[in-house]
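Structures follow.
Each of the two complexes below includes chain A, the first together with chain B, the second together with chain C.
This part shows the complex of A and B:
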């Protein structure tokens, strides 16, 4: 019995850790897509900016807390930079430009080795309280810390989207023309949504870096953006609660499929591909038959134009 | 000179693959993010046919046919029912992302992630004004010319071609003037994906075949489509050549890895300054 607990507990801790990081990452996207209707296909770029900024600030001698704040602020700032020229464009152009942005950023991270060490990645940076917490309990500590952060982000977002500001966002999602006729500056609200969503992704980036304690540009491939999309659609668009549940379901699925590998006659790379085929099919089927997700409400969908 | 030739070769591939993306974008009003993966799919089918002993020319035809069959299947199973449900542009875009993941990973599942090449003899290039041209590159340019000419004849001379243009101009007007919209949409897929497939096989001739080859072609294709004006096939061809040339010429001053970034910058500039494309087309 004891042995089972010894194996199972770290396993569950890992799943919960990854889920909490994905949950925060996806909550940022949910604000942009679920509540404002922005198609951001480059969300992973802000995860990367948050992670790299935090790590590089820390490596150049700043305390961890300051580094994380820098990561969040810089992610938000890049959201602003990307948003100013692109948020006036049609939604499908925004999709193309954002996905291009995230790939160009990854190429810069890969090639500007003087700044990022390129494909070799960065490791050896500080982690929160790593000198105080004994090594064998470190992940448990990190999990408690991340769950606290998740709860704070969740309640902050819930307050935001229920405020008058959040109602304006939803009205923009439903009908842009009506909101601007009511005197709301649609562009400015969208920009704020993109900035906040990107800053949240930056926070998730810092958390990811602390957890895996090594980052390289290929951690931030476009597929991560689509993981967040699947999490949101699975949980229910425009539902923060759904996004968190979606993250948990999705990450459990990811690790369980690694587990069942033993029962299927696939090689490792085939298993990886098989998992992505399932994810892709899931995305297609959800969008075709149940676009409101498991916990979403049908009336909360910006899909009826 | 070498860069110009490389640029023309890549440009003509971008051009013929992007025509389908452009036509579908305009007619069905959505961006097909899976378009690049159809290109890769065709290259792999040709690879499969070729390595099982078929001549590359017949493998080329098999690949085009297989890609069209897959495209028509997707139209019947996914796109047509979704249009009937009045699905929004956003829904279709997200579905196409799912399809892209499925297609690419089926390729990885069957053939693995490593690079492959056709089973053809390697022939030496010849000198041309100080640049080296390989016979394959010449083949690509000639094939692209023939395909573009065939497309031109099809669009301007035949009834189906005219219906396709009418549909991409104004789908409602086309419908009330008695055009069988669903049939013409099917033809748009057939022609668009046929060209994409041809481009994919040719692309495999001048570079290696990899599962993500379509993904890396996607952004240059978008750039060509937007540059040329969405739904304007001739603009797309010009856009493709321009993107191909600027990507290759950029390597004279920038690291090769930034090729991809060039098409992104060109595309973003066009979107910001002249979103209807430099050759006119849809707004």
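This part shows the complex of A and C:
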């Protein structure tokens, strides 16, 4: 019995830690897509910028807190840079530019070794209170810290999307012509949404770096962006609560299915593909029977008209 | 002599050789209802798009003394000109109440830092806006729809919603694109009554409409467009007598 607890508790802690990081990462995308209707296929780029900035600032001697803030600000700034040329155009341009940007960025991280150590990755950077917390309890501490951050981000976003500001975002998602006919500066609101969404992804990047204590460019493959999309669709587009639950469900599923291959005649590689097939199937079933997601409102379903 | 709220001089818009609007000039006096009629393809909606900034053309547009021909739609709206669309564009996934509350200009809570720094003032303003939206819903007699999603409304109710939403920004001029089209007669009468009431309060209207009897009843003046040009202009009674206008309409149907 005791042994089970010893194995199970760290395991659950791990799932919750990963879930909380994915939840925050996806909350950023949910602001962009769920509330504003922006199609961002390169969200992972901002995760990478947040992670690398935080880590590199810290390695050059800045305190952790300052490094994290730098990561958040720089992610938001890159959101601004990408938004300025694309957000005046149709939605699909942002999708194309962002997915391109995230891949270009990954190759820069891979090739500019003088800056990022390329494929060798970076480790040995500081983690929050690592000298104070005993090593065996460190993940528990990190989990508590991350849950606190998640709660703060959640309530911050809830306040925003329920404010008149959020109402303008939703109106842009529905029909930007109406928003501008009513005197709203559509471009500026889209830009704000992209900047904040990217900054939140940057925060998630810093959290990811602290948790895995090692980052390399392959941590930031395009699939991470689509994981966030799955989480949002699963949980319910335009629902922050749904996004958090979606992250939990998704991460639990990914993790638990790692054990199933004991019962299935698959190699590890095949198992990875099999998991994606199952996820795809589940999403299809979800779309057929509950297209608005777990917590989404049917009336606000952003996928149909 | 009243002032002109809107004056359009020699406005042109060509789409690949098609002269949608071809040198139109209109002056609209403050507080009047002007009907804009003409056969399909005459350029009426393009004219609307140009005036409201949704399309760029050549020519001069002056609204309340401000050159607006180079301004974005949202800036023109902030000057106090609001338009509706031919096919009603309710924000279907938002409630009727949200649709209305979206509209007012300079809301404190539309600025992200004020949402954080002045939550109390934002809340107070929200309450004022909600009250105002209720008054306007009452005026348009759609109070019972307040909590409904706009997507659940009928076509005619959506037209009322659009007008109600437009009223929320306290406009000095409204551009209505076919307010009576596809609306049942009872509702059409209601809409025209609302236009008349707002007119009495001093609102200026420019109204595109195909329903000639309805538009002549509510208008002070009628402008007739055909093939991108203004072919006639005058009092409703006078326009109704014009043979060339009638011919254009009958000919335009074929």
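In the analysis below, the second predicted complex is superposed on the first by the 292 of 305 C-alpha atoms of A that agree within 3 Å, B and C clash if a C-alpha of one lies under 4 Å from a C-alpha of the other, contacts with A are read in each partner's own complex, and residues count from 1 in each chain.
By our rule, contacts are C-beta pairs under 8 Å (C-beta built on N, C-alpha and C of every residue); 3 or more make two chains touch, one makes a residue touch a chain.
The structure presented is a predicted model; accordingly, all values stated were derived computationally and were not measured.
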Partner chain in contact with A:63 - chain B first, chain C second, else both or neither: neither
Partner chain in contact with A:226 - chain B first, chain C second, else both or neither: first
Touching partner for A:10 - first (chain B), second (chain C), both, neither: neither
Partner chain(s) touched by A:184 [first = chain B, second = chain C, both, neither]: second
Touching partner for A:119 - first (chain B), second (chain C), both, neither: neither
Greater residue coverage of chain A in the superposed arrangement, chain B or chain C: B
Common interface residues of chain A - those touching chain B in one complex and chain C in the other: 302, 305
Sites on chain C touched by chain A in the complex: 52, 54, 72-75, 77-78, 82-83, 85, 89, 91-94, 98, 101-103, 105, 107-112, 115-116, 119, 122, 126, 149, 151-152, 165-166, 169
Contact set on chain A toward chain C in their complex: 159-160, 163-165, 167-168, 170-171, 173-175, 177-186, 192, 196, 299-302, 305
Chain B-facing residues of chain A, complex: 37, 39, 41, 85-86, 89, 91-93, 95-97, 99-101, 103-104, 107-108, 110-111, 223, 226, 229, 233, 269-270, 272-274, 276-277, 279-284, 287-288, 291, 302-305
Contacting residues of chain B [partner chain A, same complex]: 30-31, 78, 81-82, 86-91, 93-95, 97-102, 104-106, 108-109, 112-113, 219, 222, 226, 255, 257-258, 260-261, 264, 267-268, 271-272, 275
